Amino acid sequence: MIIVLKENAAKQQIDDLSNQLSDYGVKVHSIEGTETTVLGLVGDTSAIDVETIRLNDIVDKVMKVSEPYKRANRKFHPNNTVIDISDDISIGGNKIAIMAGPCSVESQEQINAVAKAVKSSGATILRGGAFKPRSSPYAFQGLKSEGLLYMKQAKQLTGLPIVSEITNPYYIDLFNEYVDIIQVGARNMQNFELLKELGKVKKPILLKRGFSNTIEEFLMSAEYIISSGNERVILCERGIRTFETYTRNTLDLSAVPVLKKMSHLPVVVDPSHASGIYWLVEPMSLAAVAAGADGLIIEVHNNPKCALCDGAQSLTPENFDDLMKKVKLVAKAVSREV
Amino acid sequence: MIIVLKENAAKQQIDDLSNQLSDYGVKVHSIEGTETTVLGLVGDTSAIDVETIRLNDIVDKVMKVSEPYKRANRKFHPNNTVIDISDDISIGGNKIAIMAGPCSVESQEQINAVAKAVKSSGATILRGGAFKPRSSPYAFQGLKSEGLLYMKQAKQLTGLPIVSEITNPYYIDLFNEYVDIIQVGARNMQNFELLKELGKVKKPILLKRGFSNTIEEFLMSAEYIISSGNERVILCERGIRTFETYTRNTLDLSAVPVLKKMSHLPVVVDPSHASGIYWLVEPMSLAAVAAGADGLIIEVHNNPKCALCDGAQSLTPENFDDLMKKVKLVAKAVSREV
Amino acid sequence: MIIVLKENAAKQQIDDLSNQLSDYGVKVHSIEGTETTVLGLVGDTSAIDVETIRLNDIVDKVMKVSEPYKRANRKFHPNNTVIDISDDISIGGNKIAIMAGPCSVESQEQINAVAKAVKSSGATILRGGAFKPRSSPYAFQGLKSEGLLYMKQAKQLTGLPIVSEITNPYYIDLFNEYVDIIQVGARNMQNFELLKELGKVKKPILLKRGFSNTIEEFLMSAEYIISSGNERVILCERGIRTFETYTRNTLDLSAVPVLKKMSHLPVVVDPSHASGIYWLVEPMSLAAVAAGADGLIIEVHNNPKCALCDGAQSLTPENFDDLMKKVKLVAKAVSREV
Amino acid sequence: MIIVLKENAAKQQIDDLSNQLSDYGVKVHSIEGTETTVLGLVGDTSAIDVETIRLNDIVDKVMKVSEPYKRANRKFHPNNTVIDISDDISIGGNKIAIMAGPCSVESQEQINAVAKAVKSSGATILRGGAFKPRSSPYAFQGLKSEGLLYMKQAKQLTGLPIVSEITNPYYIDLFNEYVDIIQVGARNMQNFELLKELGKVKKPILLKRGFSNTIEEFLMSAEYIISSGNERVILCERGIRTFETYTRNTLDLSAVPVLKKMSHLPVVVDPSHASGIYWLVEPMSLAAVAAGADGLIIEVHNNPKCALCDGAQSLTPENFDDLMKKVKLVAKAVSREV
């Protein structure tokens, strides 16, 4: 930690502050400049509150030198984390994971049909929403536990492991029983009560970036889960909120290589929710793979025009099949497999 | 609802779409232009999903004519909602409500001291955090139920009703017993599971705007609470996330008159969290009152330099006393009382 | 300047970097921590390019300690700058300057009528657009030099000094002859060629903040003008671009006290362009005065419904007269005059 | 154009408004709903100012049906525009154009060395800055006309056509003489005076998206150039300003397929300026090609550690050579050539 003092700081005041800081067990080095004095703190500064220091009358600025996340930080974990989902499926290795399925589970027939279709095109994990967070109280809120049951049956039919979104710590037992990967949606990325509970679970967690959260905040939310005991966190970039309104959100693909550099966790991309427009799913999926993504999560619906939610961003099984062919070509071009 | 068709739409396709729409019980008016045809829908369109319509091959654009919130909408409730907090305190009338207190409750002594101080300067409601959502898992997370207990004793001492933040539906009974106003923090503004539960509660809800949510989304979250049965919602503007990093967030004061125009609900402003800087609290408090706010929620700490959280934005009791004198003058200038 | 080194930096590499830095005439202090080494540079670091240093193999981070603006910085100029516009009008003192007039000058009759009206309500400076930057090439682009001529005649009629926007260095002689304050619009805040030319002019410059520029960039643009020779710069906050679309831009009123703290230059606020909605002009004008603005610049049109541009945000002379009465009350409440 | 009226609009008022609108030569269709009346305007509405209509007492909302840009719109120009730069180089066809070179031209030796290097790796156009817009008046401002002269000699040496940024209409003759493509920088995207002058020029224009401009505003700026007479506009996505600060800007790659759909103009991507970090250039270049970009513009410097500007984002010739090999593989995967 670096503390820049104000120009008029008196010798006595500087000594007092240095002594106060030493009480935290750190060594304080003072650099006297022509205009200002700078204090450099050496040792474990994690117990020192930046804001409290900033309030000292002689302090001008406080700058942190190290990242606030430890367990999610590649510095302390240089190798990629590879997360096993089933005997033959993992995320974070050379093979790109493809999760596909409908925004909402609507019926047993629908989820079965979509599951079979996406499997035959090469998807390895089935996605589907049972508990739906919707911005309007008047919109379809999902089939809830019934939806999870339908997904489990689709899994038995196809062998595809399943991922679905949780919205309340209350449902953890249910999800533990039914799903293979528990998803935390963008709106819950800073629902810290939920994150702490998911840290006690044995299942991998697919953590979506909040649509207005920085990369550092995203990794701090992963840190919440890991520091509570669950190291199997999959990061998911799904678009951020900007001034541009043509797309629903702005897919921040540079977050992929940045997250891969800062953290050892796998990074997947959701091009469907980012754009909200089905014809953008293909180019953005290809771009995500070219940028280094470890996986894609894509909405596919057997009849998008009648989907109960987010039909506008869903691919038909035919479109998805086309997309998969192109994804394989781009994956190969960047030395990855699908 | 207005549906703009693509130029090449064939007569038969237009008729098919019109018939399909009529099935929802609305009347469809067609306007044939030189370049394009527009369909105007008359009747209750709430059951028609915009995104599904948008997927039709001949549809170019769909525009909604009416706001998606009903219960929070001033159109259907022209008079201001005034919410009674206690026998002599209400929010939304001519008198501006002043809520003040520490970011975190730290001890019985601390909350008592702050409560007495802010009361003597003119505050009418005591704020204090017991369950603290923090972006780092390593930061102080609050005294939890013990903090609520201390606040209740401070209430008995001073008579000030209390407001505190809830972070999990699990704690609702606890909050029902201890606090007078239940606060929903910015990060939980779209925690719809929590909002639905709070709709079943008898206490007023102070709903903070998410730092990246639009005014419409804010009112939709209020709608969640109201439509679940609780009409006593107080809206709180607390800054939005922008590219500017000098302040923690950008206080959006134009949201105050906009919310007052769109909705009948009271609107209060939190200048402390918006800026994150104590010397901005005074000018932004005065500006909020001038812009028409129905209340202020301000952080006051007896010793900001030692606060366990957010000291940098807390006023001392002396600063708060100065501020209150100025607030009274500006309130009077805009024909309000404090 | 503070340079944080990577953990694996070798002694020899650190010495080499230190020697390289010493060549710039600064003293280098080294702090060896347990995990990392930090170099503190003392002396004039303005010649050292941060980005070049950052590329050194052993460098992790580089942090600047001092602000990049000097001439606009209050640190080196503690007193407020007060800018005289005419014998009896100045900006930056206790009296709040009120600039009012139409978005565009449309005719001699129009500008005369508006000038007389706003003067009688208490405006002290006449604003009006002659060269209009419009986002569509098909929109009305202003009366150009004819508009300036009409404004000059309105000045002769009323005695009000005039402010108008320049869009091209080519017109500087024309503006020198006709206007009292030369305005730089938000879209030209980083038109550095224009700023440098305006540094050679004797007239005060009203510099609007770009709608997507930080406070630091804003002050750097003021620095361009001042360092080119013209110290009379008036800063103008006019709203920033955010995700919120209800208002055209989001008026960043906290920028007012921040700019006043960082810089000695006067700060005025444009509530008309920020919101784009006439009924927001009154509350935001009052809020701006309460937040400490040194002036307001407000659009007034004798017939907003027929204005050739931006009618939606213009006040009628009657609305403006009402507003002025309220502005006076709020100004008095914060110990200012109008 | 669609006009939604307020609920309480009287028959006489609606007739008056309809008549007023008919005076613009459009047909007015009225749809009477249960709550509100909607007017649909058929014909050429380009002369009707939306804001003026919005001020009418009975008008609630006005919505535009068609895009405001015509000449840049794919609707009226279905085929891709392919722009010839030289006998054998064009932009907008199947071959992806690679522009590479230093941020700033620093000397004849430097630009010659870089030009030879990038040519041998496969670049087909040489980029280099002579007039540099810098946010600090104290930063290196470029070699100006001397820089253009050096670039022209590098062109004679290598045969590479050159692209360089203009900052002032004053220099148009100079650029006409020296460069093959005139670049408009992000900060000048809405410098309409400059755009209008460039509409009179015979050279292709590389128009960069302003860092805070929407896709619609971007196309309106292209419209300025085209409607002034120059149809050869190349669009360039280079990152937008968001709340995320890890990267300098957020590269908006979804803008590539969106611009290709809305407009017939070629779209290139600048991954160097978007991120400001050299190790992000490779993944984002590959992603841009996968997303459908027609070209890349990349900073390459023979000695990034000593670059006079933006060294942090420059590739070495070796890195660039590596990148080109990968770009070719991804291009092939999406059926393009380099």
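A, B, C and D are the chain letters, set down in written order, and residue numbers restart from 1 in every chain.
To be clear about the criterion, a residue touches a chain if its C-beta (ideal position, glycine included) is under 8 Å from a C-beta of that chain, and two chains touch if they have at least 3 such contacts.
On a predicted model such as this, the values are computed, not experimentally measured, just so you know.
Undergrad: Which chains lie in contact with each of subunit B and subunit C?
TA: Touching subunit B as well as subunit C, we find A, D.
Undergrad: Can you tell me which chain lies farthest from subunit C, using the average of the Cα atoms as each chain's centre?
TA: A
Undergrad: Any chance you could check whether A-D or B-D wins on number of contacting C-beta pairs?
TA: A-D
Undergrad: Find the geometric centre of each of subunit B and subunit D from their Cα atoms only, then give the gap between the two centres in Å, rounded to an integer.
TA: Comparing mean C-alpha positions, subunit D is 39 Å from subunit B.
Undergrad: Cα centroid separation between subunit A and subunit B, in whole Å?
TA: Taking the mean C-alpha position of each chain, the two centres sit 27 Å apart.
Undergrad: If you average the Cα atoms of subunit A and of subunit D to get two centres, how far apart are those centres in Å?
TA: Result: the chain centres lie 31 Å from each other.
Undergrad: Could you list the positions in subunit B whose residues touch two or more of the other chains?
TA: Residues 212, 241-243, 245 of subunit B touch two or more partner chains.
Undergrad: List the residues on subunit C that touch subunit D in their complex, please.
TA: Against subunit D, the touching part of subunit C is residues 46, 49, 51-52, 54-56, 68, 133-138, 167-170, 187-188, 190-193, 196, 210-212, 217, 220-221, 223-224, 227-228, 241, 278, 304-313.
Undergrad: Name, in rising order, each residue of subunit B that touches subunit D in their complex.
TA: On the subunit B side, the touching residues are 2, 4, 7, 29, 31-36, 38, 40, 42-43, 61, 63, 65-66, 75, 212, 241-243, 245.
Undergrad: Residue numbers of subunit D touching subunit A in their complex, please.
TA: It comes out as residues 212, 214-216, 240, 242-247, 250-258, 261, 274-275, 279-280, 283-284, 286-292, 326, 329-330, 332-334.
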